[in-house]
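Have a look at this one.
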Amino acid sequence: MKFLEYQVKERFRAAGIPVPDGRLARNPDEAALAAGALGSVVVKAQVPIGGRGKAGGIKLARTPVDAKRAAGEILGMTIKGYTVREVWCETAQEIVRELYLGLTLDRDARKPVLILSAQGGMDIEEVAQTRPDAIAKLHPDPWRGPLTFQVRDLIFRAGLGPLQAQLMPLVTKLYALGRTYDALTIEINPLALTRDGGLVAADGKLEIDENAMFRHKDLHGADESDEDPLEAEAKRRKLTYVRLDGSIGVIGNGAGLVMNTLDLVEREGGHAADFLDIGGGAKAEVVHSALELLASDPRVKGILINIFGGITRGDEVAHGIIDATRDLNLNVPLVVRMTGTREEEGRQLLREAGIPPEAGASAAARKIVELAAAGTTRPAAAS
Amino acid sequence: MKFLEYQVKERFRAAGIPVPDGRLARNPDEAALAAGALGSVVVKAQVPIGGRGKAGGIKLARTPVDAKRAAGEILGMTIKGYTVREVWCETAQEIVRELYLGLTLDRDARKPVLILSAQGGMDIEEVAQTRPDAIAKLHPDPWRGPLTFQVRDLIFRAGLGPLQAQLMPLVTKLYALGRTYDALTIEINPLALTRDGGLVAADGKLEIDENAMFRHKDLHGADESDEDPLEAEAKRRKLTYVRLDGSIGVIGNGAGLVMNTLDLVEREGGHAADFLDIGGGAKAEVVHSALELLASDPRVKGILINIFGGITRGDEVAHGIIDATRDLNLNVPLVVRMTGTREEEGRQLLREAGIPPEAGASAAARKIVELAAAGTTRPAAAS
Amino acid sequence: MSILLSSQSRVLVQGLTGREGTFHAEQMKAYGTNLVAGVSPGKGGSTHLGVPIFDTVADAKRETGADVSGIFVPAPFAADAIMEAAAAGIELIVCITEGIPLYDMVRARAFVEDAGVKLIGPNCPGLVTAGQAKVGIIPNHINHEGPVGIVSRSGTLTYEVIQGLSQAGVGQTTSVGIGGDPILGLSFQDVLRLFKEDPATHVVVMIGEIGGSDEEAAAESVIGRDFGKPVVGFISGRTAPPGKRMGHAGAIISGNTGTASSKVQALKRAGAEICDTIEEVVAAAGAAVDQPSSAAHR
Amino acid sequence: MSILLSSQSRVLVQGLTGREGTFHAEQMKAYGTNLVAGVSPGKGGSTHLGVPIFDTVADAKRETGADVSGIFVPAPFAADAIMEAAAAGIELIVCITEGIPLYDMVRARAFVEDAGVKLIGPNCPGLVTAGQAKVGIIPNHINHEGPVGIVSRSGTLTYEVIQGLSQAGVGQTTSVGIGGDPILGLSFQDVLRLFKEDPATHVVVMIGEIGGSDEEAAAESVIGRDFGKPVVGFISGRTAPPGKRMGHAGAIISGNTGTASSKVQALKRAGAEICDTIEEVVAAAGAAVDQPSSAAHR
């Protein structure tokens, strides 16, 4: 789950990380009011994605009139697929230097990693590639967290010794906040050194581990539904779905298997319209729901279901397929490949329902690509 | 720092550990009011020491009239030197079983230790000796704290598996509370299983590590000044003082040295009136303050100062002694033994002030015991 | 011979009395696994699937001498279950559970490392030593004894390879699904080192996927250094777009790291034979087994 | 010869620029200690007492090869300083600071143990290897080279013994004050084991006090087991009443544990000679040194 800038800053403020004063505006008049109260403000589009500045989503406004005009321009914009519905108007800072401070998980080290850089304000991965020496890292022990001496060492290694007194509590607080929220990523970028010598979080990012959402049921993050209506619908259905650019709908169980199915479709000259993993142990309803989702996508010219049962059982999947084809009146070709746990029962059910399954994944991919190209419309024809 | 029962229970309640409803009463009328609001109550003397029940400091009261009478009897009592100024009136519990749950530091293991026992309501050290099998212990890693599976294991080992669901969060909360407060000891005793199947902290104890008080400046514990006016005064003066039963006042630097000085006084046939360690690196003012404290104790018939300078400097100590003897008009004999860092300067100063020092500890002890017995009154005579 | 698991292994299941635990433990027993105990706190003293149930792993270990544990408990409790097994002295822990919070896993992994025991998974299908024992959810009937060792990040693709090999008459020593999460127990490197030392394994099949750099690390530090046995590799997700998490929490290309081509190149450089399809993997592994050089490689 | 510290030791001081650090480091230098660096965060790059100051122990270690650290930082920061030294690879850490919160110390001690380095203290006077080097606050002039090793929980009583021995013409190898806190680094056992292996140490003086059971443990597991050298012991606090903390956080008799008589008995049982006063300790140690059997004990 991602959060919008202002939602992140609310959390920073609560954790004692300094942020500029600001107000949320949902229309130009609210932006003018904010500028009236705060003075010179920066008006910032609230979308859960980077690159707002380049897209024109951030404007400086010295007066309420300016702020109203800026908000009018930004609200309603579309930035990388997201419509701007809110702007965050915050006191303009006199920034003399931009730093970076972030926490993420380092999968190679199998540990969290704190990253501090004297080069802030830009994408940290870019800094990591162009000026690796400008980045200092600390891998805290996951039980102990960052110890005082380690944080101090991090700060000196980043060449920020003179800011030690201010940075020490910020690093500790950011780590605590990240742990509290099970953050995959939490960052302050830029961490601005202002003319008066203070450090302030000028922008922030927070993304929470979906696996940990059971610990954060009360949290409401950014509405990411703009991203893609199909992905949003899939999320509501609790399906693991990624939209792709092709025309062959793909459903499978297991991430590796589905990824491989996409590769096979590509190899046969087709292009997958999606990645859809019904996961391990899926019940008939899940299969039904997955088929229903793909059937609602007009781009889909054929559907390939690839099941290798382990914890998933063939008979359950077969029931789901049979029910769905009956309920949905599917008008694109359907090819099913089924093997593994309870494959006999599942294959038998499918055959009885007139959907004779394939045994091999490559053959199934070849067949769906052919059928989709031929524009065949009845699933039964897939046999 | 110790806390009174009601202060501990406030903290239990805030941490989510169930406690009986209760009210504090400073006079019998308040106790009657409490009973009026709560029904049958237990009226309990609030003193920072165990053994209240045996001393008559705990009484059951079924009615407001009973409660008023009970409070009247208990308030003003003296229990092991503490005058009862407050009583805690709490809902009487229907207790079917008494357990014990505590956290302390195990110095042999160099770790915290959680102790759980199905035998509560009595002194846990007694249980440990009489029925060691009735006690289950868990030494949490000091960084990781008690892990879920360890707590579960503790509960099963204590034979309390059926209470698992209720005990798990209690153990975790007690540990967290202990850590938060740097508790040398925190315990729920008895942890009462009530007729309705709930667990409730019927009594509690909390003692905080004095070394960690800089982290808990806002805390106010029990007023322990009743314990001993001299100890209270020493605490105000930030001196490490323990009252003993004899007549020779002892001052020294370093705990081992002072302890040994007590032993030497005893060996020479005297009895020390106190243990007073001015610690390492003491300044003249501290020595002055220490002498002033002992001079105010009418039991003291002679004073022995034993200094072996390491981090403490002889000249500093000598200045303190000289100033104090001048200011205080000391009317008991004084023997000083001084060696170690800056001993030459210190001894010279003392000699110049007419207080010629001893070099050996045993000889100094012998001398002060003799002088005190002889009733000599001028410190200069100690030479 | 085999790695990690054999007919001698004494297996317990944490979460045995649950729905998934019961179903898969039955399958494990049916495969011949020496199931000796189950752990379900509060159900200690009872019996399930013919084995005794204990309240804690420590109890189960003490009473039955279990040395392997399969974990089938829900995600919020799974990291703790792993640590319980490690603390009790279980030597091999196989965590099937999917969806464990990553911060729970970094802690559990550090704990397991300190305890010096082996963890497979989480979010994995477990492992099978063909003809001997199974811990996890790999379908029973597809496995056949033979000379090929399999290590894979993907569950279902593992099944594909096993089935393909078995149908082609090529059996397996041990098939290990290491799981698709970013924070794992045993890595490719660890399992490959075990296969290197196993005389019964003549050929190794390694199924990687996009995300992370474990395949590259295995190529450089194990396969490329006197591995001595043919390695047939496969990487899924070649057509996956960057920045999209492909089902597995670990399967994501971020920036320049984790791409299929980087992995394919590293493995080829180290001397592995990289195939485009599972069918080709099966064929290549079969051919490598038949070559006399495969034995010479040992 | 000696234990723990020698003229070869490269010593740094954490908190060198502070008042106490400066005073005692000057004394240490005056004694001949090879002081190579100081650590004071934010003062890196400057010089103090003729040695370079660094921001972190890691920097100091890298630049000067320091292998011993003396810690003179205030109590709230001392546990962190210990861990910093341990993480930087300092082999011997001597923490003089008094008043460290106990929960800080249990964590620091676990950290030091994991790092596999030695800690002396906290709340201790440090150690002197006579004629070679000193880390801590033991007065310089009292030490004399010779055959007696000293280990003590009390600072000032250590001075008494050293001075007494030196005045009696009996010198010391190394005098170690292990500190008076309940949670310590090296224990009596640890230091006694080092003395056992040190050929230059012919006799050991051990100064214990009431509280805890470290003296008993040392008696049973080291002195009573082929220690091979005479041990002269002393326990202070014989007249201390139970339940009263005698200055040292660790010096308290609780229940039946920690009494002087329990310690005296355990040590006598193990073969140590226990004295009633420091003067007697000095006499007994001198006599043991003079006996031909003391060399034979080795």
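Each chain gets a letter, A, B, C and D, in the order it is written, and its residues are counted from 1.
By definition in this document, contacts are C-beta pairs under 8 Å (C-beta built on N, C-alpha and C of every residue); 3 or more make two chains touch, one makes a residue touch a chain.
On a predicted model such as this, the values are computed, not experimentally measured, just so you know.
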| item | value |
| --- | --- |
| Of B-C and B-D, whichever chain pair has more C-beta contact pairs | B-D |
| Interchain centroid distance [CA atoms averaged], subunit B/subunit C, Å | 57 |
| For subunit A paired with subunit C, centre-to-centre distance based on mean C-alpha positions, whole Å | 28 |
| Set of subunit A residues in contact with two or more other chains | 141, 143-144 |
| Multi-chain contact sites of subunit D, meaning residues that touch two or more partners | 107, 111 |
| Arrangement of touching chains [line / ring / star / complete / other] | other |
| Pairs of chains in contact (touch as defined earlier), listed by label | A-B, A-C, A-D, B-C, B-D |
| Residues of subunit C that touch subunit B when the two form their complex | 41-42, 44, 55-59, 77, 80-81, 83-84, 87, 111 |
| Subunit B to subunit C touching residues, read off their complex | 144, 147-150, 152-153, 156, 161, 164 |
| Subunit B contact footprint on subunit A (complex, rising order) | 141, 143-144 |
| Of subunit A, residues touching subunit C in the complex | 105, 107-108, 110-112, 125, 129, 141-143, 179, 182, 184, 209, 211-212, 214-215, 240, 242, 244, 252-260, 262-264, 266-267, 272, 275, 277, 279-281, 308-311, 339-341, 360-362 |
| Subunit C - residues contacting subunit A, complex | 20, 24, 75-76, 96, 98-104, 106-107, 109-111, 125, 137-139, 142, 152-160, 163, 180, 182-184, 207, 209-210, 212-214, 217, 236-241, 244-251, 254-255, 276-279 |
